[in-house]
Amino acid sequence: MTAAPLEELIAVFRAMTESDNTEQEVSGWDEGAASSRESVAVVDHDANGWHLDVSIPLDRLVEAAGVLDREEFAFDTITGVDWIAAGDMEVVYDFFHPGRFLRVVLRVRVRREQPEVPTILHVFPGAGWHERETHDFFGIRFSGHPDLSPLLLPEDADYHPLRKDFTGVA
Amino acid sequence: MKKNALKEIVTGFASLLTGMRITLAQFFKPPVTVNYPRQSLKMPARYRGHITFVRDQETGKSLCIACKSCQKACPSDCIVVEGVKREGEKRKSVTDFKLDFTKCSLCGSCVEVCPVDALEFSKHYNLASTNKEKFVVIDLVKDLEKRGK
Amino acid sequence: MLHKEQITNHSTDGHNETFVLNLGPQHPATHGVLRVKMTMDGEYITRAEPVCGYIHRMHEKMGENRTWAQFLPNTSRIDYLSAMHYTHAFVGAVERAARIEVPPRAEFVRVITSELNRISSHLVWFGAYLLDLGGFTPLLYAFDDRERILDLLEGLTGARLTYCYYRFGGLCNDVDEDFINGTRDFVHYMRPRLKMYRALVTDNIIFRKRLENIGIIDAEMCRKYGATGPVIRGAGTPYDVRRLEPYSVYDAFDFDIPHYPEGDCMARYLVRMEEIEQSLRILEQAVAKLPDGPHIGKVPRMIKPPAGDYTYAVEAARGRMMVRIVSDGKEIPYRVKLRTPSFANLSLFEEASRGMLLTDALALMGSLDLVIPDIDR
Amino acid sequence: MSIPEPFRLASFVVGIMAFVGLNAAYLVWVERKGAGRFQRRPGPTEVGYAGLLQPIADAVKLMTKQVIVPPGADATLFRLAPVLIMTPAMMCFTVLPFGETLTATDINLGLLMIFALGSINVMAIMLGGWSSRNKYAIISSARVVSQNVAYEIPMLLTVVTMLMVTGSANLNQIVQQQAGAFWNWNLFNLAANPLMPVTFVIFFICMLAETNRAPFDMAEAESELVAGAFTEYAGMGFGVFFMAEYANIVVGCSLATVLFFGGWQSPIGVLPGVWWFLLKLYLLIFTVVWIRWTFPRTQFYGLLNLSWKILIPVSLATVVSTAAVMKVF
């Protein structure tokens, strides 16, 4: 296994996030939470469940996924979170390493009105279905995704049930 | 290569005969099934059927104090409890306890949360009906009265 | 054996007449309501696109409109064949978030029940897989064995599938002697049965011919798709959450992670069959080491995990099951994300099945051990 | 013979039809009961004693159901297929020697006639599948044709071997040659063909494949093709295919009895021959059931590989070895 130690990963991600840190406006409830104090944070696995938490700028997301791919991480899942009070949508990417005890989380934030995130499907094809699901539930568009038709919702669904302002289907 | 192929035919055929020997041995053993509904099994003590009132051995009444903890704990909103405080009694007593069994997932939160252990699981598992109405309302108070008789 | 090259030759000879075959949503091989839209060239699959969502119940939304404890019954209903693991993942996430201590006895019982559940789940898969391959009898033998596990768990938890047995900080109720003795007996009963399965099924030439070199999924594909459980272990990567991301008291036991480098259906089959053996080993040790003590720790009446997000992963019967919860410090979850193994395992089907024969594609699909509610949630 | 020929034939026609009908009905019962025992469960128990009336109940159920012709299907061929599968199966029974004198027509080419009629079976399933206008059914028909073509060859090669050994295509004569104790049966006639047991195994495998029985039930393959060629058939249309399957098994097993197990010859001299014939026949049928409930289904190309790469060369070897033995001795 050629995977770099955690420090190297941290350094790589620091370099990525520092370039345009200005846009990473953290808002909402989680100001005190460890995960968003820094853009690259080392997290205690026992306390939260992962080791490295990276808030990545939108335009470096695919690159960051590429770094993880090179380090032979496996794709875990995508979680959308609707921060309606802050007017944000968060997309959380989980990765695990099939050979080591190492979990990495990537986060991006987009405005609720324009939820558009680049797809990482070309790096991790497995993300395709997870992105489709996140699109179903949150209406977050994954630009570059070839097929965002509903996966779990009915094929004519035009609602996004996990948005906090969703009130039900008539 | 040729030899391997021949060996495969022989071992393959042998494996088929082994399989047939095993099933034949099973053929002469008795069935393991229970001939339901002619026979049925006794449910274990912890079996979770629909909930029912524990009957107070002395009074023959329910222990329920209508505190509504179960109603609040229920994940599926399928319990409705009403009670009154009668004169001369310290606690409220239950007047109405209705379970919507069509929504119940038999999780047992209500039984666990009950402060006076007034609820238990029944052991009925043969519930069936052609009519949904039969299970929309299971009246625990009436049920207890019926058992009293 | 037919290789993909042959198939591409086959479809470029000028007669590109394909047709669409709808496998499901009601079809004997899909074990539930999964639909696979297959574009076929004769009996060869040019594209097989799974269409899911037929039993989507939006468990994640349900998580957002009830208290943490009220979500517990839902966790048994996602993958109803390995309900214990799913409850474990959710309970573990909340315990991690709210910093709830679990007494050692409860952790040991969690391991015992989880492993029993894993065996029962693998037995269903074994039977159903044989059914897919046209062998009916092993299904009923496997169900006979599984029935013993279900009887044990029913005696303990009161339910046969949707156990809802774990609580934050421990268990719903303590184990009794009957259960412990029953588990011990079961371990002794099961070992000769596994030997019988080996002679009846594993060594059978027809069976081997149907699985060997069929449906190859390599480690790289597993990694890219996030396929876990027996699928990734059948591709040669010994990835097991119990070993690599230890949770509960799994590091107290001595067990192997079976893995095979071939990546074919047979490898996945062998991984599962050996996992049953390993689970029996864990059961033996756990029953012997079971400590005394309370079955539930100190838990606040109303659980309000501090704001933040937390994950907890377990090794379910089908692979990595992870729960990611987001709390805003209230008694109702802000977000519950269920990362289910079948979803990721099925997502590679389209790529893995390209160019296969219908028969073999169904052997491949069966070897992924799909539980449809686990995909659709 | 005191019975006049027309009456004799008429009674045979009625008898064969009853025999086929009862066999089909009660072999279903045997199959279900057998499957139950193999799987440690009781099998049918509710209708009649030990479920003995179950086949009748099933037949009544099937007959009361509507025979639906799917829209867009070729109605004529769709209806013709069940007829076409049942008739040849019935006709095969006319030459089978059930007992020493119990043969409808004792013709010299009985063996060939059975094979000629047996081949029509494929046509019928193909027609049924093709005319159903159902993708599963069409895949199934394609499979059936290639399967049957592949298995006719080794089957006929084993029959050629048997013709060389017996020197006759008259089934009654073949049986008569095997009189006496069981070592006189063709199965043990190693002097004429040293590979005789292998010949029998090949014959038996081919018989399973020709009748589309598990583990070669590609045509039905319920976990892949739903019900294969029969997917669109309802009611008695399906019932006839079902009956024909069992009728074909009876024919196949009868033929095996005649060719290899001495037909109605009693190895110890007690009981009339017909009972011995039926005993041997049903033991073979039990084996067929036993095999079905033991093995998974073969792969489709595994099945073809088995035929072209193993069975045909081996059966050719038996032909050659028999010829060599004939030439030398």
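When the chains are written out, they are named A, B, C and D in that same order, and each has its own residue count from 1.
Heads up, the rule we're going with is that a residue touches a chain if its C-beta (ideal position, glycine included) is under 8 Å from a C-beta of that chain, and two chains touch if they have at least 3 such contacts.
The model shown is predicted, which means the values in this text are computed figures rather than measured ones.
Set against the C-alpha centre of chain D, every other chain centre is closer than that of A. Located most centrally within the structure is C, per distance between chain CA means and the overall CA mean.
Measuring from the averaged C-alpha position of chain A to that of chain B gives a distance of 42 Å. Put simply, the C-alpha centre of chain A and that of chain C have 25 angstrom between them.
Chain centres here are Cα means. That of chain B falls 49 Å from that of chain D. Residue positions of chain C with contacts to 2 or more other chains are 137, 141, 144, 200-201, 204, 206.
Across the assembly, chain B contributes 16, 19, 22-23, 26, 32 as residues in contact with two or more other chains. Among the residues of chain D, those in touch with two or more other chains are 38-41, 293-295.
Pairwise chain contacts present here: A-C, B-C, B-D, C-D [touch as defined]. Only residues 52-53, 56, 58, 60-61, 64, 93, 96, 219, 222-228, 232, 237, 239, 244-245, 307-313, 320, 322, 324, 326, 328-329, 334-335, 337, 339, 343-344, 347-348, 351, 376-377 of chain C touch chain A when the two sit together in their complex. Across the complex, chain C is touched by residues 35, 38-41, 135-136, 139, 142, 214-215, 217, 221-224, 226, 293-302 of chain D.
Within the complex formed with chain D, the residues of chain B that make contact are 9, 16, 19-20, 22-24, 26-33, 35.
Against chain D, the residues of chain C that register as touching in their complex are 2, 19, 21, 27-29, 42-43, 130-137, 140-141, 144, 200-201, 204, 206-207, 209-210, 357-360, 362. Contacts from chain D toward chain B in the complex involve residues 34, 36-42, 45, 290-291, 293-295, 310.
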